[in-house]
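Both of the next two complexes hold chain A, though its partner changes from chain B to chain C.
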Partner chain A sequence: MTNLEKYDKLFLEAFRLQPEELPGLKYRGIQAWDSVGHMDLMSAMEETFGISISTPDLLDFSSYEKGKEILAKYGVEV
Partner chain B sequence: MAQLLVWTEPLSGSNCYLMGEEGGCLVVDPNDPRGPLSLLEERGWTPELILLTHEHCDHMAGLDALRARWPQAKTIATAACSANLGSTRLNMSAMMEVYLTFHGKPGVSYPPFACRGADITYEQTYTTHWRGHSVRCVPLPGHTPGSAGIFLDEAALFSGDYLLAEETVLRLPGGSPEDYERVTRPFLAALPRGLAVWPGHGEGYTLT
Partner chain C sequence: MDQEALLGLGPYSLNREEKTALYRRELAGLTRRHRAGCREYRRLLEALGVPEGGELAPEDAPMLPVGLFKEMDLCSVPREAVFKTLTSSGTTGAQVSRIFLDAETSAMQQRALYRIGESFIGDRRLPFLVLDSKRALRDRAMFSARGAGILGFSIFGGRTCYALDEDMALDLDGVRRFLDGRQGEKLLLFGFTYMIWKHVVRALEERGERLDLSGSILIHGGGWKKLAGQAVSQDEFKDRVRRALGVETVLDYYGMAEQTGGIYMECPCGHLHASVWSDVIIRRSEDYGVCAVGEPGVIESLSLLPRSYPGHAVLTEDLGVLLGEDDCPCGRLGKYFAVTGRVPRAEVRGCSDTYEG
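Then we have the complex of A and B:
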C-alpha cells in the first residue's frame, strides 16, 4: 500500500467517507471531523506512519491537503 | 466511619475519589501527580487499593506518583485498561496538549507518558472487599476498551466517563460505539434508582 493509499484510508475509515469526498476536505467541514474526530485521526496518523507530530503541527493539520504538507516535514511523502 | 474526598484536576476537570477509613484509603482514578498525594499526606491516609475506571491519562496521571510513595498499594483495572496504560496513543497523553487547546487551554505543556500495568486485572466482573466494604468492578467497554464501572457497597457507582452531564464520547482511539451499544448502554440503563453516581467529571448525584 502506498503512503497515499494509507493516508486516504485513515480519512475514509475515521470519517466514513467516499474517496471522492477527500479533496478539499477541511477540519470542521463535516460533522465527523470535529475536535474529537481530529484527535482520533491524528493518533491514527502517528501510528500508521510511525511518527510523532508536534502539537503546533497537530493543530495546523486543518485540511486533507494541508496534512500532506505536514507529513512531508516528518519525511512522509504522500 | 469512611470519609470521601474528591480532588478535581484543574486542567481536565477529572475527579479523583479518595475514600479514607481508619488510616487506610481506597483511591479511584489518581488523576494528578500532586493533588491526591497531598490530600493523602495531609490526612495521614495510606492508599491500599487504587482503582481505575479507564486508561485515559486524565484519570491516571498520578498513578506512578502514588505507587512510588506507597509501593504496597495494589492497582486494580480491567485487563484492557492495564495494557493500554503503556500506550501514549491509547492513554491519550500523546493528544492531551491538543485536547487542552480545543478546550480553551492552549500552551500547556503535557508531555506524553506511559505507566506500567495494574497489579490485579480482570476481564469479567471482579469483586473484592476493602475494610468491610464490597467493591464490584464491571467491565464497560465503549468509551475505551478498558473502561469499567466500580460499585461500592452496591450503593454508589464510580462511573468514570459514563453518566456525565455531556454525551459519552465513543470516538477517541480505542472507543467502540458497537461495544457501548452491546454491553454498556443496556447495563447503565438498568441501574437502580437511588444509586449514588460519582462521575469522572462533574458533581456527584443520585439516579432518579
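Then we have the complex of A and C:
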C-alpha cells in the first residue's frame, strides 16, 4: 500500500466515508470528525506511520489536505 | 481583534490597562453579536434595559446568571450550525446547563486551552494517565463537563490509559502495565478532584498501595464542594495525592461548562490565574458591586471565546476572593484569585427569576 492509500484508509475507516468524500473534508465539518474522532485519527496516524505528532501540529491538522502537509513535516510524503 | 491575533496573544501577557482595553472592545462586540443572534438574550437585555451598542467597562457589561443556561436554550447560531452540545455535570436529577457549540467556538476553545496548558505542560505530548473511566466519554453528541475536560486535555497526551474501569474501580494492574518501562518518565495525569480522591487516592490507601510517578504532572479540576463536605482541605488533598501517587506537581484548575477552554490554572504559588481569554470580577452578594482585593464575594467570569451562545459574561454560583493583579510572584500578568466555596442555594437567582420569557 502507498502512503496515500494508507492515509485515505485511516479516514475512510475512522469516519466511515466513501473515497469521493475525502477532498475538502474538514475537522468539525462532519459529526464523526469531532474531537474524539480527531484524537482517534491522530493516534491511528501515529501508529500507521510510526511518528509522534506534536500538539500544535495536532491542532493544525484541520482538513484532509492540511494533514498531508503536516505529515510531510515528519518525513511522511503522502 | 481577529481570532488569529486573539489566540496568538501570550496567555498571561497583558497587564491591567491592556486587558481592560481589550475587554471593553471585545465584550461590546460579543454582546452585539449575541444580541443579534439569540432572541432570548435580546429579550433579556431589553427587559433589563441594557442599551444597545457602545463599549462598557468590563464590570458594566451585562452578565447572565449561570442558572439561566439550565432554564433555557441560549443559542446565537442557527441550530444546524450547532456542532456539539455540552452539558454541565450537575448532580443526578438536577437540571443541567446546555451549551451550544458551533465549529468556530469549539476550535477557539481548543486552541485557548492549548495555549494555557502549554505554558504548564509543554508542547511535547506526554503519556496520558486519565484518572477516570472511559465511560465519561460515552455519549459523543452530548458531552458532560467531565468528558469535555478529559477530551480537552487529551491534546497534551500521547499513549493513554484510563485508570478506572467501567464500574469506577481502580484498575491497578492496568495502570502498572501502562507504567511498565516508563519509570522516571514525565506523565500527564488528569482527572476530577473528587474522582481522584475517592477512586484513586482512597482506593490506593485502602489497598495499602502506592505508585511512583515522581516527575509527572497532575492536573485536576471540577471543584471542591464534594470534598469540603468530607472535610478534606486543599492542602490535605495535595499531600495525600503526593503520598499515594508520588507526583510532585499537583495543579488545580477552575473552569465551567459554560466557558469551556478558558480555564483558570493554578500556578506553582497556588493561585488561580486568569489568562488573556478570560477574567474574573468578584462581586458583593448584596448589591453586586465590585469587591476589593481580599474581599470575598461571588465570582463573575468573563470569556472572549463564546461565539455560538451568550456566555461571555456569566455570574457563577461560586464564591471567591481576588488575591491580586499583575503581581503574582510566578510572573504571570492578570488577576489571580482563590475559589472559596459555593453560594448558598437560592441566593443568586435574582436575574433569572425575574425573567418571564
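FYI, the second predicted complex is superposed on the first by the 78 of 78 C-alpha atoms of A that agree within 3 Å, B and C clash if a C-alpha of one lies under 4 Å from a C-alpha of the other, contacts with A are read in each partner's own complex, and residues count from 1 in each chain.
Methods note: a contact is a pair of C-beta atoms (placed from the backbone, for glycine too) under 8 Å apart; a residue touches a chain by one contact, two chains touch by 3 or more.
Just so it is clear, the structure is predicted and the values come from calculations on it, not from any experiment.
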Which superposed partner A:55 touches (first chain B, second chain C, both, neither): both
Touched partner set for A:28, first chain B, second chain C, both or neither: second
Partner chain(s) touched by A:47 [first = chain B, second = chain C, both, neither]: first
Which superposed partner A:36 touches (first chain B, second chain C, both, neither): both
Chain B versus chain C as contact partner of A:76, first or second or both or neither: neither
Common ground on chain A, meaning residues reached by chain C in one complex and by chain B in the other: 35-36, 39, 46, 52, 55, 58-59
Footprint of chain A on chain C - complex, ascending: 83-84, 103, 106-107, 110-111, 114, 118, 123-125, 137, 140-141, 151-152, 154-156, 158
In the complex, chain A residues that touch chain B: 35-40, 42-44, 46-47, 52, 55, 58-59
In the complex with chain C, residue positions of chain A that touch it: 27-29, 31, 34-36, 39, 46, 52-56, 58-59
Complex interface listing, chain B residues touching chain A: 89, 92, 94-95, 97-99, 101-102, 169, 171-173, 175
